[in-house]
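Okay, so here's the structure we're looking at.
Note that the chains are named A, B and C in the order they appear, and that numbering of residues resets to 1 at the start of each chain.
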Amino acid sequence: MKQTHIMTTPILSIRNLTVDIPTRHGVLRPVNGVSYDVAAGEILGVVGESGAGKSMAGNAVIGLLNPPAHIASGEILLNGQRIDTLPRDEMRRLRGKQIGVVFQDPLTSLNPLLRIGDQLTETMLAHLDISPSEARKRAIAALEEVGIPGAAQRVDSYPHEFSGGMRQRVVIALALCAEPSLIIADEPTTALDVSVQAQIIALLKRLCRERGTAVMLITHDMGVIAEAADRVAVMYAGQLAEIGPVREVLAAPIHPYTDGLMGSTPLASRGKDRLHQIPGAMPRLDALPPGCAFHPRCPYTQDDCRADPGPRIEDGAGRAACFHPISRTEVA
Amino acid sequence: MVDMRLPPEELVTGDRSRLALALQSDFAYQFRRAPVAVVSFAVTLVLVLGALFAPLIAPFDPFDPASLNLMNGFSRPMTPNAFTGDSFWLGTDDQGRDVFSTILYGMRISLFVGASAVLFAMVLGITLGLLAGYVGGWTETIIMRVADVQLTFPSILVAMLIFGIAKGITPVEYRDQMAIWVLIIAIGLSDWVQFARVVRGATLVEKNKEYVAAARLIGRSGPAIMVRHILPNVLSPVLVIATISLALAIIAEATLSFLGVGAPATKPSLGTLIRIGQDFMFSGEWWILFFPAATLLALALSVNLLGDWLRDALNPRLR
Amino acid sequence: MLAYTLQRIFQSAIVLLVVGLVAFSMFRFVGDPVDNMLGQERTIEDVERLRGQLGLDQPFVVQYFRFLEGAVQGNFGVSYRQGRPVAEILLERAPATLELAAVSGFLAIGFGIALGVFTAIRRSGFAANAIMTVSLIGVSLPTFLIGILLIYLFSVELGWLPSFGRGETVKIGNWSTGFLTESGLKALILPAITLGLYQMTLIMRLVRSEMLEVLRQDYIRFARARGLRERAVNFRHALKNTLVPVITVTGLQLGSIIAFAIITETVFQWPGVGLLFINAIQFVDIPVMAAYLMLISVMFVGINLIVDMLYFAIDPRLRADRTGAH
């Protein structure tokens, strides 16, 4: 089990992050008091159903929340420096340079009218003090690094001349080209063919290990988490449900939601048990139940779950935000 | 050959009950909430009523030579004439015609031409659109190709050309009499394409639905089904296009008449009045030009704004 | 791409043939050309001789092709009203219209794109909203009213600019230009604004809505996420993508400028082909109408063709689709 994240200063620290979206019918809270760290060279998987707030947290980190969504409270620290209060232009300089981003759909992430080489060089020139010819050299090198065959020729191609998997490699090259210390990968494999997914995950993993880049890997796919992540953060209805080393959480989840999630995911390591599903659906943000957000679907619900929001995971202390975590000795 | 033509009134009233329901609900609510729409509607209504009841409202009949007094020529607005002492609200033109009255009668012609042209374009467009969508094949190819070619040319040019040709065909002695009708046909013919496109699109969608096949099986004729089911579906886009077309048709009519290829001086529309008034702009008789121009502007702008709002309210997809 | 180009040229040719047919039918059937060319005193022999000369005794199709043959060579017959060859009159009038249209086109495209981008980027700002409101009025204003308004303001009230005509022109070969004299340039200002304003508002509104659409795209978000400057995001990434759809409409607008020149030329008594056309309609001068129709069709079809080709220059995806083996 890795403990690096505790011993060194984390690259990214999120403390009690809350994102609000004011609407006509009241304030929605897609991210509600979330705290976690990502250390250098570590891949933190952030997992949850759609609408659980995992992407919204990522957007908050890169300072690209779509108005009227905004950070209502909490702190975001990058290399120990607070970034959620930075002025717009400084935040802009941080994006790409310190934080690289990989979005879900490589087909729409690249500008169709610009050569990929131009998109790479413009990113480098925006952040690094290098000449255009040097940028072009580095662009070719970056493409080689992400495994584009014939990079020296392909650098002048347009995005539509690449397949989906190749385009995601280009997107990764774009995210890494200014050598950021943190990568936020938002569902990087969801839009890809299954056969290509593993390659992209392996690529991301290799590059980050080599460079010591911290990765926040946002996905709803437990398979991707199992394959790539060192630690996993499970989100439910805007809150952090459980966080911990990936093997422990996957093998022996102690939050009932994670347990349910595991039960509904086909994993080879879990044997041939029948898949079961969690009854009901995640509540909508404008209709959260009182008490613990998960209690209406939880098999272990007791009175206190209905009355009180339950404990919170703060500063990495504690593993599950639950009054009645599953005691593994009983179950296993 | 099945007769696909529809009597025009059926197009308008075909689905009034559904429209009435809509008027009582969201639609009316949105309308009350949009000040621009309310104001435009009010202005349009006042102008249309003014035109409709022109003979009752207008203090003079500008077409009756007996009521004219050349001595009253060039009276300034709201000031008594130096020779006769008569006073006119908006002044008089060179021949002593009351500007207010000529505007009311002119608007009557402008609105009549505009509305008739749009109705004509609508009937033509809907018929051809249904035909193209339902019959398909060569009929469709020809209709839609003609539409494409016509769309390449600005409609005002098409209208001018049709007007010119029609003028060439009509014998000289009937030209003035026929001018209004020629104008209606020219503007109408230049504007059917939009209607045809929307209706054809809807027909293509509807044609392949199962109920059409089912209705055919029980022996109902296809065209009857098309008419009954497609017209209600395209009612709101057609209404939007019609309103916007009305503004365009009013402007087109005014433009043609202004250019001297529209309503004749004996039956002046707003455009003709502006054409006449332009000559007096340099000599200081501004009112002969200003009031017809302002009326045209108010009319075109309010109908246009109404159409714009209607488009947003009824069919967000068209935005 | 070659196949596509040929296909488009073929389609254009068909459109021109159809327009030619319309023009020819006008010639042939609207008013009897023999009636128009011979006076009241004529003999049956005169009529027969002229019919033979004009080829009116030939079959319809033969006549049509002879008409087309003549048209291709620039022979559109003789104006009923002026008694001169139509081609000669058109050539004489063309520079005035082309100069006016060119200046208006530049105004419309330049200001249209600039204001469109501005209103899209600052879409909630006060200035942008004010521009949008004014533009809605601009779209509703008939062109001739704009012209009259400008004349009233700048010619009648202020007396700064001439209200009609082209001013002094200079002959360069067969081309008479108003660009080289002060009075020529002054005379151009009001008509050019009148003609360009409507197209400008249209282009502006189109650029704005397309740009807003593009700004919502993923690659714009990704460009921001890569830390590019706002300027680079807006102009390098967004504007270029905006221009693809804008080009079609703008191209067609350029065609409309030639057509709408008819109105502007009438308001300002600008001695171009538009004024010629209006006079031809008023006096039912069929040869001039037919020739104008043919001329403007060639122009429109040509513009459409160029617009189609421009697509290829701007959008690499199209280039690939058309050249690549299917």
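By definition in this document, a contact is a pair of C-beta atoms (placed from the backbone, for glycine too) under 8 Å apart; a residue touches a chain by one contact, two chains touch by 3 or more.
In this text the structure is predicted, and so the values were computed from the model without any measurement.
Note on connectivity: the fewest steps through touching chains from chain A to chain B is 2. Chain C has the C-alpha centroid lying closest to the overall centroid of all protein C-alpha atoms shown.
Here B-C and A-C were compared by C-beta pairs in contact; the pair with more is B-C. Note on chain placement: the centre of chain A and the centre of chain B lie 58 Å apart, centres being C-alpha means.
Centre-to-centre spacing of chain B and chain C amounts to 25 Å, using the average Cα coordinate of each chain. For this pair, chain A with chain C, the centres built from the Cα atoms lie 54 Å apart. Listing the residues of chain A that touch chain C in their complex gives 62, 64, 92-97, 100-101, 103, 105, 108-114, 122-123, 126-127, 158, 160-161, 171, 174-175, 178.
Within the complex, the chain C residues that touch chain B are 15, 18-19, 26, 30-31, 136-137, 139-145, 148, 151-152, 156, 163, 252, 255-256, 259-260, 262-263, 266-267, 277-278, 280-282, 284, 286, 289, 293, 296-297, 300-301, 304.
Interface residues of chain B facing chain C in the complex, by the touch rule stated above, are 149, 152-154, 156-157, 160-161, 163-165, 167-169, 247, 251, 254-255, 258-261, 274, 278, 281-282, 286, 289, 293, 296-297, 300-301, 304-305, 308.
Of all the residues in chain C, the ones that touch chain A in their complex are 217-219, 221-230, 232, 236-237, 240-241, 244, 314-317, 320.
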